[in-house]
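See structure below.
Chain nomenclature is as follows: A, B, C, D and E, assigned in order of appearance, with residue numbering initiated at 1 for each chain independently.
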Amino acid sequence: MTTMSDVEVSGADGAAESEATHPLRISNLTKTFGGILAVDGASFAVERGSITGLIGPNGAGKSTTFNLITGVHAPDSGHVYFEGEDITGLQPHQVAERGLVRTFQITRELGEMTVLENMLLAFKGQRGEALWRSVLPVARRRVVEEERDLLERVWETLELFEIDHLAHEEAGNLSGGQRKLLELSRALLTDPEMLLLDEPMAGVNPTLEGKLLERIHDLTDEGYTFLIVEHDMDVIMENCEHVIVMHQGSVLAEGTPADIQSNERVIEAYLGGEV
Amino acid sequence: IGEEEDVIEESEDGDDEEEDAEATGTDPDEREVMLGILQPETGDLGELGTPIADAAELPALQLENEGSPVTVAVQREDTQTESEAGISRAEDLVAAGVPSFTGAAASDVTIPVAESVAIPEQVVMCSPASTSPLITDLDGDYVFRTAPSDALQGQVMAEVAFEERGWESAASFHLNDDYGQALSEVFVDSFEELGGEVTNEVAFEPEQPSYTSGLEDVLSDEPDVLIVIAFPVSGIQIFRDFYGEFSDELPIMVTDGLIEDGLPEDVDNPMDNVMGTAPAADGPEADAFAELYEEEYGSGPGVFNAHAYDASAVQILANLRAGENDGDAISSQMREVANPGGEVVGPSNFAEGVELAADGAEVEYQGASSTVDFDENGDMESVSYDIFEFGDFEIEAVERIEFEA
Amino acid sequence: MTVDETDADPDADADRTAADGSGAAPASPLEGAAAVTESRPRWQVDLGYIVLTTIGIYALITALGLLTGLGFGGVFRQLQTVTFLAAAYALVVLALNLHWGYTGLFNIGVAGFMAVGAYGMAILTAPTEGTTTPGLGLPMWVGIPVGVALAGLVGLIVVLPALRIRADYFAIVTLAFAEVIRLTINSGALADVDAFGRQLGTGGGRGINFPLLEHAIPRWVLYEGGDPAQGATFVGVQVLTVTNRLGIERTVVESAIYTSVLVGLVAIVFVLSVRTANSPFGRLLKGIREDELATKSLGKNTDLVKIKVFVLGCAIMGLAGIFWQGRNGYVDPDAFLPIITFYIFIALIIGGSGSNTGSVVGALVFAGVLFEGPPYVQRIINQVIDLPRPTTIYDAVVALGSFDPLPLVGYTVGQLANLRFVLFGVILILLMIYRPDGLLGHRDEPASPLDLRAERPTDGPSSVDGGDDDE
Amino acid sequence: MGDVTDFTWEQWFGVLLLAGVGVLILDLLRRLAVGDLGASTLTTFLWRGLVDGLIVGLAAVGLSMTYSILRFANFSHGDLVTTGAFSGWTAVWVIGGLGAADLGSRLLLNADRSTSARALDVHVYAEPLAIVAGLVIAALVTILVALAIDRLVYRRMRDSGGIPLLIASVGVALVLRYLIVFLYGERTRGVVRSSPSVDHPLLFWTDGLVVHELIMVGSAVVLMVGLHVLLQYTKLGTAMRAMADNRDLALITGIPTERVILATWIIGAGLTGVAGYLIVLEQETLNFNTGWFLLLLIFAAVILGGIGSIYGAITGGLIIGLADNVMLVWISGDLTRVAAFTLMILILIFRPQGLFGGVETA
Amino acid sequence: MLVVDGLDAGYGDLQVLHNVDLQVDEGEYVAIVGPNGAGKSTVMKSVFGLTTYMGGRIEFQGREISGLRPEDIITHGIGYVPQNDNIFSSLSVRENLEMGAYILDEVPEDAIAEVFNRFPILEERQDQTVGSMSGGQQQMVAMGRALMLDPDLLLLDEPSAGLAPDLVEDMFDRVDAINDDDTAVLIVEQNAKEALRRCDRGYVLVQGENRYEDDGDALLADEQVRRDFLGG
C-alpha cells in the first residue's frame, strides 16, 4: 500500500526531475467560493504518457481543480506548473495554447454551429484565424488549402468516434452522449500534449466506451498524457496506471489502482465498501 | 471648363419646363410661376409647420381668387422636420424645375437643405421661420429669410432687461440645443456689454423628470432676473418646478419659444412674474394679411405665418421680374423687388404688384411681417419684437420694439 | 413527379438549396455572367437576392411615382435617395452584423460610433474661419481616414471594459456610451475650445458645417486636384462627355458619383464580410457567439478576437456616419439619437442577422419600403384627395357616429408620419414571431472557406447530406 | 506571489472608484466650509436626487422583475410606464372633471387645449376619490395592455432566447408609444394642479412638505418592500424565481408556468402602471415620451443593482438619481447625465454582475 | 399502467422515434438501454409531453395523456428527472425541493425530511444555491425534487451519471426502495448492466425503434445484446 508520505516525497522532488517525467504538477492549490472551501491545498503530479485517474466523492473538488488548472478560475493560492512553466492564473486560452486541453463535465458544445464547424474550430494556430489572411486574395488561397487538410482530419476523427453521420447536424441537436463524444473528439483535434477529461464516459454507451478507451490507450502510446475524472470504477481500475483520490478538497491518497482499492480511507470515503 | 458651363446652360434649355417658360416668357400674362413650399407638416414641428405652409401658399391662392392672369404653380413638400427627408424633398422640388421655395422651418433642416441642395443647385430658398444665427453665414445669394435671426432677439432681451427694466444681474437657463445655446450666448454677450452681470449660465436637457436641481444651480447666486430659453415640452416642467420650490417674485424673461397661450394653464400658475420677447409680425400690412388669412382658412394666423406669406410673395415678384423660372435670375431680383425703391406693394395690392413686376417695373415689397428688406446675407435689415407680459393666466403684448441689425 | 419533388423530406431540401442557386441564376444578367466561371454558386445566389430586391423596390417606386404623376424626374430623385439611403444603411448594417450576427456582441450604441466618425471628419475638414464652428480645414482625404480611425479607437475604449460583462449588460453599456457621446457632443462645454492655439469644438447643439463630401468626392474623381478650375481628369472627361451628350446636369452627375462611391464601398465591405464569415476567423466569431468559455478552452484568445472585431465594426460604422452626413455638409447631435440604432437593427433583422446578404437586402427593404414608403404614400394621398383634418381623434370618432368616416381617415392620414413608427413596431414584432431569422438569416452559411456540405475528402459510408437515416 | 491574486485588477479598480467618490465627498465638504456651495443648494440637490432616484427605482422594480423571470430586457417597459400614466390620468380627468369640461377634452387629456387642470381642479385634496380611482385604473389598464401584448406577442415566442424577445419588445415599444401619440397627440400637458403642501417642523431645510411628492415617495417605498417580501417569502415568489432559472424544468416540476407568467405580468405591469401614474402625480406633467426618456435611466438602475434584485434596482435608481443631481456641484447641467452613465459603466467594470447581482436578495 | 403504443415523435420536423412500443405495469421496474442518440431521452420527454407528437398513443392508468401539458401530467402521478438541466441552479436546495411539491397546497415537511435523510449532504447545504454545488450533488437534488410528490411512476433519465460509486449503489438501492413502495420506475441508463440486473424488464432502443424487449436478466444473458450494447 502506497502511503501518503510517498506521494508527498514525489511531489517535493526536484523540479527538474518531475518536469521530465511529470508534465503537470500542482502544488497547494486552494480555492474558496463564498464560505465553501472547494479545493484545499491539493498537490499532485501527473506522469507523462500515462492515464491518470482523478476520483473522489461528489463535491470533492475535482472539477474545481480542473478549473483552476485550466484558468477558468484563479486559485486563491498555490501553483500550477505545466512543462516546468508556472501557468498559475493564466487565461484558459493561454493554458490550452500550451497544450493542456480540457473537456467539461457538463458539455459545452457550440449549439448553433454544425458538428463539422465545431471540430474545425479546434485546430490550433490556423492561418485563417488571422483576419487579413482570411480576407486578402493571395493569402486566402493558402487558407483554403489548409482548410482542406483540416477537413480531412476532421472526417477521420468523426469516423473514429462514429459521429460522422452527424457532421452537418447542429451541435445543439445532439443527444447527451453524442455531445460527450463531440467534446472529446474536438479536444483531441487541438493537438494537445495533455488532456484533462471531466467524466468523459458519463452517459456514453458501454460499447462505444470500450472503443473510446482503446483510442485513449493508443494516444498514450503516442505520448499523450491523460488526466481523467470518472466515477465508473471499472473504467478507472482497468485503464489507469495511476489514481489520485480527492476528498474534501485535498488529496486523500495516490497510487496504483490496486493500492487505491485496498486503501481503507478511500474505501470509507468513496468506494462505499463496494468493489 | 467653359465647356462645362455651356453644357449646363444647354441642358437647362433642354428641360421641358424651361421651354414652356421661354416660349411664354414674352407674354407675362400667361407665364406660369413655379414656387416650392418646403415645410414640416409632420414630425416635431408638424403642428407649427402646417399653418406656415398654408400661409406660404396664400399669395398664390390670392392671385387665383382675384383672377390675376399670373398663375403660380405651387409644389408643397413635407420635411417631416428631418434633415434627411428635407433634403430629399428639396431635391424633388429642384427636379420638378422649381427655381425657388419657401422653406424650411427648423434651422437644423434649413441648414443642410441649403448646404446640399439650394446652394449647389443654385436655387433660391427663403425661410420664414429659421432663426438660427448660423444661417446668416450661408451663401446670401441663395439663402434668404424673412424670419429674424436669434442674434437679434438676444440683443433685444439684453436691452430690455438692462436698460428698460434696470436688472443688473441675470442668469440664463437654456435648452441644450442650437436654439438655446445660440440665444443664451448672444444674450450673455450683449448683457455684459451693456454693463450687466451674468451670474450663471446653465444648460439643460429636454424632457427631464425634474428641473429643480438645475434651477437651484442657476439661481444660486441670486440674480435680478432669470432668463429661460425653452419650448413648452420642457418649459411646462421647468415652471412647475420653479413655482414649487422658488420665490414667485423673481422676474423671469422668456423667449418666443415659450410665448404660447395655454402655457400658464399647463403650468397651473398665473405666471405674474414672467415676461418675454418674440419677433413681431409688424409689417405695414399685417392687418391686411391677417384678414386675407382669416378669409381663406377661417382662423387667425399663427407664428411665422406672416413671414411665410412675405417669403412666398417676394419670390413670386422676383420670379416675375426675372421673367424665367431660374434660380440665378430670381436670386438677383430678390433685393430688387423687396428693398426700397419703386412702387410699394404688399398683401393688399399684391395682384397689382405682380403685374408691375411682370412688366419689369421696379417695386418695393412691404409685407405682413416687416418691410422686408434683405441685407447682403439675405437676412432682414430690420425687424421688430413684441414684449409680452404674462399675468393672471393671460399673455399680453405690451410693447413693440423696432430693431435695426 | 413535381409534387413529389416539392414534398421531399428535409434532407433533400437541404440539397436543393445548393442546387437552386444555379437554377435561379439566369434571373439576372449579372448572375448569368458569374455563372460562367462556375466557381462560386453561393455568390450567384447572394447577388441574385440583392439584385432582385433592388429591382423589386425600384419597380415599386417607379410604378407608384408614375401612376401618381410624380414624373420621371421625381421618380429618379426618389430612386437616388433610396439608393443612397439603402447603401448608407447597408454599410452600417454589415458592420452591425459583424458585431451581433457573427460574434454575438449586442451593440446598441451604433449611433454613437457613427457620430464619432462623422464628427471626427467634420472637425478636421471644417474651414478654419468663416463659420461659427471652425475646424482644422484639412482636406477630406485626411478627414475621412482619421474619422474612421477615431470611431475605431472609441470602439476600443468601449470594448475593453465591456469584455467581461454578459450580453444584455453589454447592450446597455453600449447604449449608455452612445448617449454619453451624443450628450458630450451636444454639451455647451465642448462647443468651443481653444486647442493648439485655434478655435475648435463640437459646436454643441449648433453642429458643424463642413465641405460637402457629396461634392468633394465626385470632384476628386472628375477634376485634377478636386478643383474644377484645373480641368477634368481622364475619368472626368469620359464621364462628362457622355453625360453632356445625354443632357444630365453636373450636380446630378456628382450626386450619382457620390452614391456610386458609397455603393462601391458597400460592395467592398460586403465582399470582405463574406470572406470573413466564410473563414476560420469567422468560425472563431461564431464560436465566441455560441460559448465563449468553450472557445477559450480550445486555446483561442477570444478577448483579442472580440476586440479586433468590435474595433473593426466600429470603424465601419464611423465610415457609414461620415458618408451619411457627408451628404448634408452639416452634422448636429440630433442625427445620432438612439432611435437611429434601432432603425439599423430593424434593417438587420429584416434581412436576417448572421447573413451578409441578408444585411444588404434588409437595408434595401428598410430604406426603400419601410422608411421612405409611408411619407411617399402620404404625399401621394395628399396630392390625390383632399381630406378633412380634425384636430383630435375624438372629433374624428364622433363624426363616425354620424356615419362620416372621412374625418377619421383624414386624421389617420395626417398621422401617417407617426403611424410609420407603429408600422416599424408591427413589422419588428411579426418578424420576431414568424421569421426570427429574417428573410435570409440562418441560412446555412458555413463558417469555412470551403462548402462544407459539398466536400467530403474521404469516401465515408454516409453521403454528402447528413444521412441520419442512412444507417 | 500567490497572494497577489487576492487583489485582482477589478478590485483595484473598485478601490480607485471608491477613492474617487471619497475625494468628491471631501471636496463637497470643503466647498461647504468655504462657502462655495450653499447648504440649502446641497440639500436641494440631495433631496431632489433622492426623489429622482425613487422615481427611477419605482419604475425599475417592475422591469427588474419581468427581466429576471421572463428573461428578457423589456424595452417597452418605459412605454408601459407611459401607458399607466395616460390611462390613470385620463380616468382622473373623466371622473374628477365631470361637468367642468366636455368629455372629448377630458378623455384626451386636453388634446384640444380647451380646458386645464386648473379648470378641473385636479389635486389630491380636491379630488381624493378620483385620484385613488386613477391609481387603480392605471394599474388595471397597464395590466390589461401587458397581458394583451403577452398574448399577442411574447407568448408566441416563449422558446426564443432573450435577444429576440428584446427586439420584439422594441417593436412593442414603438407601437405603444405611437398609438398613444395617435390618440393623445404629441403635446406636453400639465395634468395635475400644483401640489398642496403641509407645514411642518420636521426637516430642517424646508418647512413645506409637498404632498404629491410625499405620496410618491411613500408609495414607492411601500411597493418596493412589498414586492421584495412577495418574491422572497411566498411560494408564488419562489416559483417565479424557479421559472427565471429554468423554464423547462419548471414545466416538468409541475409549476403551471403560464399561470406564473400571468402572475408576473399582473404584478409587474400593475407596479409599472402605478409607477407611471405616481411619477406624473409628482412631476405634474405628462408627455408621450415620459416613460421612454426614463427608460435608459431605468435600465441603468436595474443593471447597476443586478438583474432580479429589487433592492438592487432601488439602490441603482438612487445612485443614478443622486449622481444626476449632485454632480451639478462640479459640472454643468448638460453633462450630469454623462456623469451618471459613466458612473454606471465604471461600477460595472468592477462588478460585472451589478452591485447585488449573484447575491439573491430577490 | 403506462402504455406507449406505436409512438412517433421527434423535434420540429425531425422524427426521432419510429413506432415505439413500451409498457410499464403497476409497480414494475423497467429499464431502457441503447446507444447514444437512440432516442431514449426522447421517449421520456414524449411521455411528459415535451416533444413534437407525431402519432401513436400514450396512456397512463387507462387515460390517454398524449398531448397533455407537463403540469397536467404531473398531477396524474408521474415524476420525471431529466438527463440535463435538472435543477433550479439559482434556488437553494430547500427551494428546489419545495418546488418539487408545487402543486400541493402545503410544503410537505415530512417529504423534505425524508429526502434529507437519504442525502444528508443536502440537509447540510439546504440554503446553498444549487448551481454552486458539484455535479453529483446536483444530481441528488434533482432526484430529491422528483421524489417530493411520491409519484406512481418515476421517469429517471440516467440518474447515475456523474455519481460517485457509493452513491451509484445508493441511488440504485433507493430506486429499488421506491419501487418496493409500489412506485413503478422507468429508467434510462448507460450503466446498463446494473440497470438490467435490477429491473424487471428491459427494452433496447436503437435508432428510435424497439430492438429487443425481455426480462432484464435475459437481456443481460443475450450474447448479441452484450456485444453490441453492453460493451462485451
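Worth pointing out:
The working rule: a contact is a pair of C-beta atoms (placed from the backbone, for glycine too) under 8 Å apart; a residue touches a chain by one contact, two chains touch by 3 or more.
Here's who's who by UniProt: A = Probable branched-chain amino acid transport ATP-binding protein LivG; C, D = Branched-chain amino acid ABC transporter permease; E = Branched-chain amino acid transport system ATP-binding protein.
Everything numeric here is computed off the predicted structure, so don't read it as measured data.
Put simply, the chain nearest the middle, going by average C-alpha positions, is C. Among the other chains, B has the CA centre that is most remote from the centre of chain A. In this assembly, the C-alpha centroid of chain B lies 40 Å from the C-alpha centroid of chain D. In terms of their C-alpha centroids, the spacing between chain D and chain E amounts to 45 Å.
The distance from the centre of chain A to the centre of chain D, each centre being the mean of the chain's C-alpha atoms, comes to 48 Å.
Separating the centre of chain A from that of chain B, both taken as means of CA atoms, is a distance of 75 Å. Residue positions of chain E touching 2 or more other chains: 14.
Among the residues of chain C, those in touch with two or more other chains are 183, 186-188, 418, 468, 471.
Multi-chain contact residues of chain A (touching two or more other chains): 166.
Only residues 14, 272, 275-276, 279-284, 286-287, 289-291, 293-303, 308, 312, 444, 446-450, 452-453, 455-458, 460-462, 465-468, 470-471 of chain C touch chain A when the two sit together in their complex.
Residues 70-71, 73-74, 76-78, 80-81, 85, 130-132, 183, 186-188, 191, 204-207, 209, 212, 214-215, 228-229, 231, 240, 244, 247-251, 327-330, 332, 334-335, 372, 375, 378-379, 414, 416-418 of chain C are the ones touching chain B in the complex.
Contact residues on chain E toward chain A in their complex (touch as defined above): 11, 14, 34-39, 41, 83-84, 121, 128, 132-137, 139-140, 158, 161-170, 190-193, 227-232. Across the complex, chain C is touched by residues 1, 3-4, 7-8, 10-12, 14, 42-43, 46, 77-78, 80, 83-85, 87-88, 91-92, 95-97, 108, 111-112, 115-116, 120-121, 132-134, 137, 176-182, 203, 205 of chain B. Every residue of chain D that touches chain B in the complex is listed here, in rising order: 38, 41, 44-45, 48-49, 51-52, 55, 113, 116-119, 186-190, 192-195, 210, 279, 283-285, 287, 289-290, 293-294, 324-325, 328, 332-334, 337.
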